[in-house]
Amino acid sequence: MSSTKRSPWLTLTALLVYFFLYAPIVVLVLFSFNASRTNVVFEGVVNQGPCGPFYWYCQLFRNRDVMEATRNTLVIALTSTFFATIIGTMAALALQRFDFFGKNAAETSLYFPIVTPEIVMGIGILVLFSAAFGWINAALALPPNQRLTMGLGTVIISHIAFSIPFVTLVVRARLHGFDNRLEEAAMDLGANELMTFRKVTLPLIAPGVLAGAMLAFTLSLDDFIITFFTTGPGATTLPIYVYGLLRRVVTPEVNALSTIWILVVLVVVGISQWFQNRE
Amino acid sequence: MAGRFWGGFMTVVLVTLLVAACGGGGDTPAQEATSACPEPNPRLEVTSTEVNLFVWTEYIPQATIDCFEEVYGVTVNKDEYSSNEEMYAKLSAGGANYDLVQPTDYIVALMIRQGLLQELDKSRLPIFKQLDPNYLNLPFDPDNKYTLPYQAGTDAIVVNTDAVETAPQSFADLWNPEYAGRLVMLDDSRAIIGMTLLTLGYDVNTTDPTQLEEAKVKLAELVKGVKLFDSDSPKTALIAGDVDLGITWTGEAVVAQREVPAIEYIYPTEGPILWQDNYAIPAGAPHVDAAYAWLNYSMQGDNFWRMLDEFPYTNPNRAALEYAQANHPELYDAYINSNITNTPAEVLQRGHRIQDVGEATPLYDQVWTEVKGG
Amino acid sequence: MIQSFRENRRLQGFLLILPTLLVMLVMLVIPLTLTVITSFGQRDADGNVIYTFTLENYWRLLGFTETGWDDLYLGILLRSLWLAVQTTVIVILMAYPLAYFIARAPEKRRNFLLFLVLIPLWTNFIIRIYAWVMILRGQGVLNSALGGVAGLLSIPFTPFDFYPSQGAVLVGMVYEFLPFMILPIYTSLEKIEPNLYEAAADLYANAFHTFWRVTAPLSMPGVVAGTILTFVPVIGTFVVSDILGGRQVILVGNLVQRQFLDARNPPFGSAASIILLLMTLTLTLYYTRRFGLGEEIAAG
């Protein structure tokens, strides 16, 4: 789309919206240098200990709970993204290229998680897992150390569950753009299904798959409500942890954490832009 | 486009793995426990390698955790909750494997009924004799079969005397229009509805629907003037000056007063609400030996005194008080002389304890929902 | 055997979708069924579920209680609905110009501008809400800024009561979902062929007409997708209303959460859950029937 002359009003509005989007981020970063521990008013830049103005950042790394929560969050996000992407892509292929019994039901069931509020899903899953675990634990008379409990596993499964529909949608949109011709051509030339898939289909849908993966990753990183209901000991994620923190004195450590998070993202964007410019 | 995404995503993955790896390294507890850790007295046999605590936020000194890990070589996993209901929901959902919880008195009876707690083996609890008998054998757990007192306290009126001219002397005073818009209240339906019932002369645990209806109407009046409901950290709003007075509990009042000395804690004429937090071991806990070791170690006088400093409540542990008196007299004096932590006996006499109301729980919830949401 | 498998496309298709079906069955269908079953039950004195069949939870939610008409819960449902509508409308009004701006930007700039929209999403949901607390509170950034301006102009200034309030909740919700609306709208705008604009310019006299007759309808799928992505979470929220509303704003999400936690009344909470689900289902169905389903949900 060529850029015709843009109305200055449009540019102004756009800038205002960007401002709105970034104001809280700026405040977050700024307050990570706050001298005041209670972090209500900005009382000047902190200068304490060996790290000086980066006092809260250093405190952060000493904070075992935060580090563990971060690790959990990343592990959950990566694992659930991996599986959700594979399963979701398979589903997209099935829906877009194949016909089979129960196709309509499958399509509808895929939209369900999107229109179900997270709290409904979260509570349902909690009820299910507690009942199931209770039953299994009793039936197999498992000793306390080996009992099934809510924890990392239940969170990961839940994240996979709500990510799949989004991945499917993204990949389907991508598939929608391409019809079968390329694949049929490949098959005519003598390739079998597997080779066709690897050499033709996969590269074609790759951007869609990756976009879906990134979406799943983002959703998982940020999820609060479903995680809230499915988590257990040792499986605290960052959002849950911060929510708990918010309920006491919120020190600038939280801000330091957010700033680091943002920096990581910026680095990622910077590197990927660099890659793109090199192409 | 594909290249861009690919590069970006791979970078995300790499950075993620890096941070995850570093995060793993970051959890070796830096032993800057400056003073040497007290010896466990007595030392118990522990074969478990970890213990799972499910406790209130801001309730256990980090130094005690570090020392326990060092002295026993047992990893302490701590999950936190900020309401009894949250803890109860997690436990009754049956999903979790905790070794110790800290229920407040009113929910203990319910947990016992539901079979969620196991009986304590007093022979493994030499620490028991150090506890003040005034906090033992209370109606919610006769003979302390299931629980050990941890900390006790009250819910009462808190006032910033610099900002408020006439301080309220009773719960009923809070309805005074001059306080409107400046109040902080606990986000606790039982405490606040209970307090309203007290102003009407009713029992704080009533199940009578007409009394509750009256309380609802009266409370709705008050709620209009409430700026903030907070059961997590009401001291923040007090210290920040967002609110000038309201209802809070012992620990919050002490900390608020330390920051802003003008803040005072007033026991209402109707009598404050009394509460007690206790340690209990959930049924089916996987590391019971570690749990007993933790109980005995963390509640030793030379460990438990830290509560006076970090999380000041009314302390039922005589050994801790004695230790503090001998070794940290300023702390001890502050504790004894404060009307907040050292509740006068005659106030305790007219205090009220909240109990589980069973069938009537939805009634209270409805009143609360209506009063807040209406 | 393998031969017939390879030729049986129906079987292949089914196997491809099997994992998804299994996951959906276990994680969605069964939990929802359990929730429905529980919603017809009652609670005992301790808060455990008695599995029976009664409609009293639903009646109570809709206002028909034993003691007569009580619209407490209906009010909560309506308030949640209203918040969702308000949020969605405001978000559309803010998102559309920005999406349009990005779509019309030079091609090499677009990805960058898009990423700028995404970056706030990559911080943490809870942290973003907390940031608004810092901005809106009595001594927060906004009041300090306003106070500073008032000081410069020598106007007396008392800090505003932005937080906690219903307004703060609205601001928080708008902020959360803005990116979810920008992206789908952008995607559908981007797909519009430039030639269409030229053609429209020939046909219609001014830019407004072009927009109204050409651009807007073509971008509808994006708007629909964004609306669904916004509306559904907003109506079920409890965290934002909890934090920014100072625990005084009670929406359906808060109600449900309370029933499972504080009130220990799972049947009532389940019934509220189901009603919430029915609300989102009906609205989504109606909306997509009317405006068509946006593949641009995929846009993210």
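We call the chains A, B and C, going by the order they appear; numbering starts again at 1 in every chain.
Please note the rule applied: contacts are C-beta pairs under 8 Å (C-beta built on N, C-alpha and C of every residue); 3 or more make two chains touch, one makes a residue touch a chain.
Just so you know, these numbers come straight off a predicted model, no measurement behind them.
Looking at contacts between chains, the pair that accounts for the most C-beta pairs is A-C. Relative to chain C, the chain whose mean Cα position lies farthest away is B.
Inter-chain centre distance (chain A to chain B, centres taken as mean C-alpha positions): 34 Å. Centroids of chain A and chain C (each the mean of its C-alpha atoms) stand 17 Å apart. Between chain B and chain C the centroid-to-centroid distance comes to 35 Å (mean Cα coordinates, whole Å). The set of chain B residues touching two or more other chains comprises 4, 240. Annotation for chain A: residues 40-41, 211, 246, 250, 269, 273, 276 touch two or more other chains.
Residue positions of chain C with contacts to 2 or more other chains are 111, 137, 139, 260.
Residue ranges of chain C in contact with chain B, taken from their complex: 43, 45-48, 72-73, 75-76, 79, 111, 137-139, 164, 246-250, 255, 258-265, 268. The touching residues of chain B, when paired with chain C in their complex, are 4, 83, 85-86, 88-89, 110, 113-114, 187, 189, 223, 226-230, 240-242, 358-359, 361-362, 364-366, 368-370, 372-374. By the touch criterion given at the top, residues 1-4, 6, 10-11, 13-14, 17-18, 20-25, 27-28, 31, 39-42, 87-88, 90-91, 93-95, 97-103, 106, 109-110, 112-121, 123-125, 127-128, 131, 157-158, 160-161, 164, 166, 168-174, 176, 193, 208, 211-212, 215, 218, 221-225, 238-239, 242-243, 246, 250, 254, 257-258, 261-262, 265-266, 269, 273, 276 of chain A touch chain C in their complex. Of all residues in chain A, only 38, 40-41, 61-62, 64-65, 67-68, 70-71, 74-75, 77-78, 126, 129-130, 133-134, 137, 143-145, 147, 149-151, 154, 206-207, 210-211, 213-214, 217, 232-234, 236, 244, 246-250, 264, 267-269, 271-276, 279 touch chain B in the complex they form. By the touch criterion stated above, chain B contacts chain A in their complex at residues 1-9, 11-13, 15-16, 19-20, 22-24, 26-27, 29-30, 52, 54, 57-58, 77-80, 82, 90, 93-98, 232-233, 235-236, 239-240, 284-286.
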